[in-house]
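In structure tokens below, several structures.
Presented sequentially are two complexes of chain A, the first with chain B as partner and the second with chain C.
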Partner chain A sequence: MTRSEIFAVVRSNIHGIVEETQNLEITEEMSMRDLGADSLQIVEVVSRSMKDLRLKVPRTDLMGAANLKDLVDLFERAAARPGPAPGK
Partner chain B sequence: MTVENLFHEACRSPLLPAGERRCGPRFEKEAVEALLPHRGSFLFVDGITHFARTPSPKALGDGEPAGTIACRLDLGRIAPELSGHFPGRPLWPGVLQVEAIGQAGLCLFRLLERNGLGEGEAGARRDYVLTDILAGRYLRPVAPRGEVEIVARVLRDGLFTVVVGQCLKDDLVCSAAAVRGVEKEVQE
Partner chain C sequence: MSREGTTGRRRSARRIVVTGMGAVTVVGDSPSRFYESLLAGRSGITRWKRADRMSGCASRIGGDLSDFDLAGHLRGLGFPGGEDLGKRCLTVMRAAPRVTKLVAAAALQAHADANSLRGVPPERTAHVLAGHNLNAGYVVENALVFHRDEPDYIEPLFGLLCLDTDVLSTTSELLDLRGPSFTVGGACASGNLAVLAALDLLRAGRADAAVVSGAPIELEPVSLHGWSLIEAITTRSFNDDPARASRPFDARREGFVPSEGAGALILETLEGASGRGARIHGEILGGSATSDASHLTRPDREGQIRAMREAMDDAGIEAAEVDYVNAHATSTPMGDAVEVAAIEAALGPRARRIPVNATKSMIGHCLSAAGVLEIIATLLQTVHGRIHPTINLDHPDPELDLDFVAEGPRAASIGVAISNSFGFGGLNSSVVVGRFRE
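Now for the complex of A and B:
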């Protein structure tokens, strides 16, 4: 899974969950707060993205992500780790 | 098993047969109060009559119930609070049945954590915050007398935990609900 594929999943979930972002150009330097997401929408975007990407990242690590770049970094590292086959 | 399937199962019939719901391990009120912050007429679990974790999972896994709990509530204890709903014909409000299912689920979640099925840092104190009522169905009116049983299962859904449960009186399903929430670290 490439970094751009991971970011595409996150961006798609932001567009689907956070109102009025459908026409916005979203970059990695942005935070979900910048995009108007409330705390529950942020949890929903992260949760749905992890499910779509079949990744698990500990909550404590996620709390340190200040922007989308940090989040994609975490997902990229989790994707590179050896783990159970998708769906297990 | 999906949340939707489990919810429909909870609407149809008891999630556990009566014998299993009462076969222990049992936890009395003092132990329940160590699991829940609710008190007085807003504590809807008087005791736990059964708790079992699903045999195989090492952690709360996506999509599979990680455990089942059965609780009891003495409706007579909270009846005085319900006299206005409705005067002369008191009923246990459906929304409070959803709350009871949520409380049973929280007891189960905490018991699973004690059994090493949680994901958080060891020793970290966490709150559980209800975020959504995914589904609810009221099937029979419940007069506030006698005991009700509350049966619940928990499933992991990404960062969320889903509780699917039902309220039973005389072995009949009175209500079923699926609620969702997230854990929140408590700042000491």
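Now for the complex of A and C:
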């Protein structure tokens, strides 16, 4: 999975979950707070993206992500590791 | 109409009226469509639409709203409450379980019908939601993800959205309801019990208006199979002819037909409703709840008689004034028989002179929403003076001998009606509804 594929999934979830972002161009330098997401929407974007990508990142690691770049970095590293098997 | 009941208890000085109604059922997604289908004798019972999801379950048929589409519903009704509210609805409930959407849809209709409660302060508007264990299907599906796939892949907001109170609070948020808000759980009597709770709030002056939402229980295979094991629901004779399965008072009835549906009522003090020029659909004259001190499913005649008698007392009416009974009538062999005996005892000779019908013969048993939907059916029949039939009464049970309106819709002048709802665990309730008179 490429970095741009990972970012596309995150971006798509932001567009679907955070109001009034549908027409915004989202870049990796932005944070979800910048985009107007509340704490529950952040949880939802991250969780749905992990499920879509079939990744698992520990919650403690996620807390250190300051912007979307950090989040995509975490997902990229997790993608390089063996993830949860589908329908284990 | 007398102002005191048989025990001499004086009726509450504060009169409570209904100014709004909303309904999403398997036979119509608004009160007018619902009523039109009831008059036409149209059943909404089908085979379960998502058979894959029901695999292994003994239940094959019921009232299935699994294809309910909130956006389409709101568009179809011209966005009750306005397009902005409709759009907010879709945003707020994007990830919500189906029950939350069904309740909001019914409540939005009722609220718009009550002219959006214009003039009633939000802080003086209560919200009482009927039902419990509402999101069982959502819980089961997430449990499967947790156990079979990956715990972190359950719905991200499961911890919030699985709660019954989220169903309540989502609608409160949409309609800006800021008075007392809570859920009322009483199994299949929940709807009536919620109306009684709202009645008490309004009579006591704790609120000026109340939204009463009747929530469906999302039907899923585990609960359905559980009800089949205790032989509460139909599983045998009508799987190939589902529309015939719900047959209250018929000799071939074999169990209730589980169904989904949501209803909502707006209750207000007469003073408040008149002051703001609201259209009044009818009056909640009174009601009562009793219980049988039993955790089992067996209905109890005495408890049901007490509920009806106390409801009449609370309403300040005599049995001779009752013009119509909307029976609980779930189509179970014992339940229907016990209720008929209780109606005969509570109303005396009057029982044989008035119509008694079963809304469930067409919409099935909507469980915690049943009481609210059946009060709506009762109000509509009262307002329009036409009583809906009880369908599928092909071979009347010879032991049950009341006028069940088997032949088709009938014109009738209804001044006072009783609507019964009884629940597992010996929970009995009756609400007395009246045509509005100044």
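One rule holds in what follows: the second predicted complex is superposed on the first by the 83 of 88 C-alpha atoms of A that agree within 3 Å, B and C clash if a C-alpha of one lies under 4 Å from a C-alpha of the other, contacts with A are read in each partner's own complex, and residues count from 1 in each chain.
As a working rule, a contact is a pair of C-beta atoms (placed from the backbone, for glycine too) under 8 Å apart; a residue touches a chain by one contact, two chains touch by 3 or more.
Since the structure is predicted, the reported quantities are computational estimates derived from the model, not experimental observations.
J.: Could you say whether A:Gln22 touches chain B, chain C, both of them, or neither, answering first, second, both or neither?
T.: A:Gln22: touches no partner chain.
J.: Once chain A of both complexes is superposed, is A:Thr60 in touch with chain B (first), chain C (second), both, or neither?
T.: A:Thr60 contacts chain B only, not chain C.
J.: Compare chain B and chain C by how many residues of chain A each one touches, and report the one with more.
T.: C
J.: If we overlay the two complexes on their shared chain A, which of chain B and chain C does A:Leu40 touch? Say first, second, both or neither.
T.: After superposing on A, A:Leu40 lies in contact with both chain B and chain C.
J.: In the superposed arrangement, does A:Thr2 touch chain B (first), chain C (second), both or neither?
T.: neither
J.: Where on chain A do the contacts with chain B and the contacts with chain C coincide?
T.: The overlap between the chain B and chain C interfaces on chain A comprises residues 40, 43, 46-48, 50-51.
J.: For chain A, which residues are in contact with chain B within the complex?
T.: So the residues of chain A touching chain B come out as 40, 43, 46-48, 50-51, 58-60, 62-63.
J.: Chain A touches which residues of chain C in the complex?
T.: That would be residues 91, 94-95, 148-150, 152-153, 156-157, 160 of chain C.
J.: Using the touch rule from the top, collect the residues of chain A that touch chain C in their complex.
T.: So the residues of chain A touching chain C come out as 16-17, 19, 40, 43-44, 46-48, 50-51, 56, 84, 86-88.
J.: Could you please specify the touching residues of chain B with respect to chain A in the complex?
T.: Touch residues, chain B against chain A: 62, 119-121, 131, 157-160, 182-183, 185.
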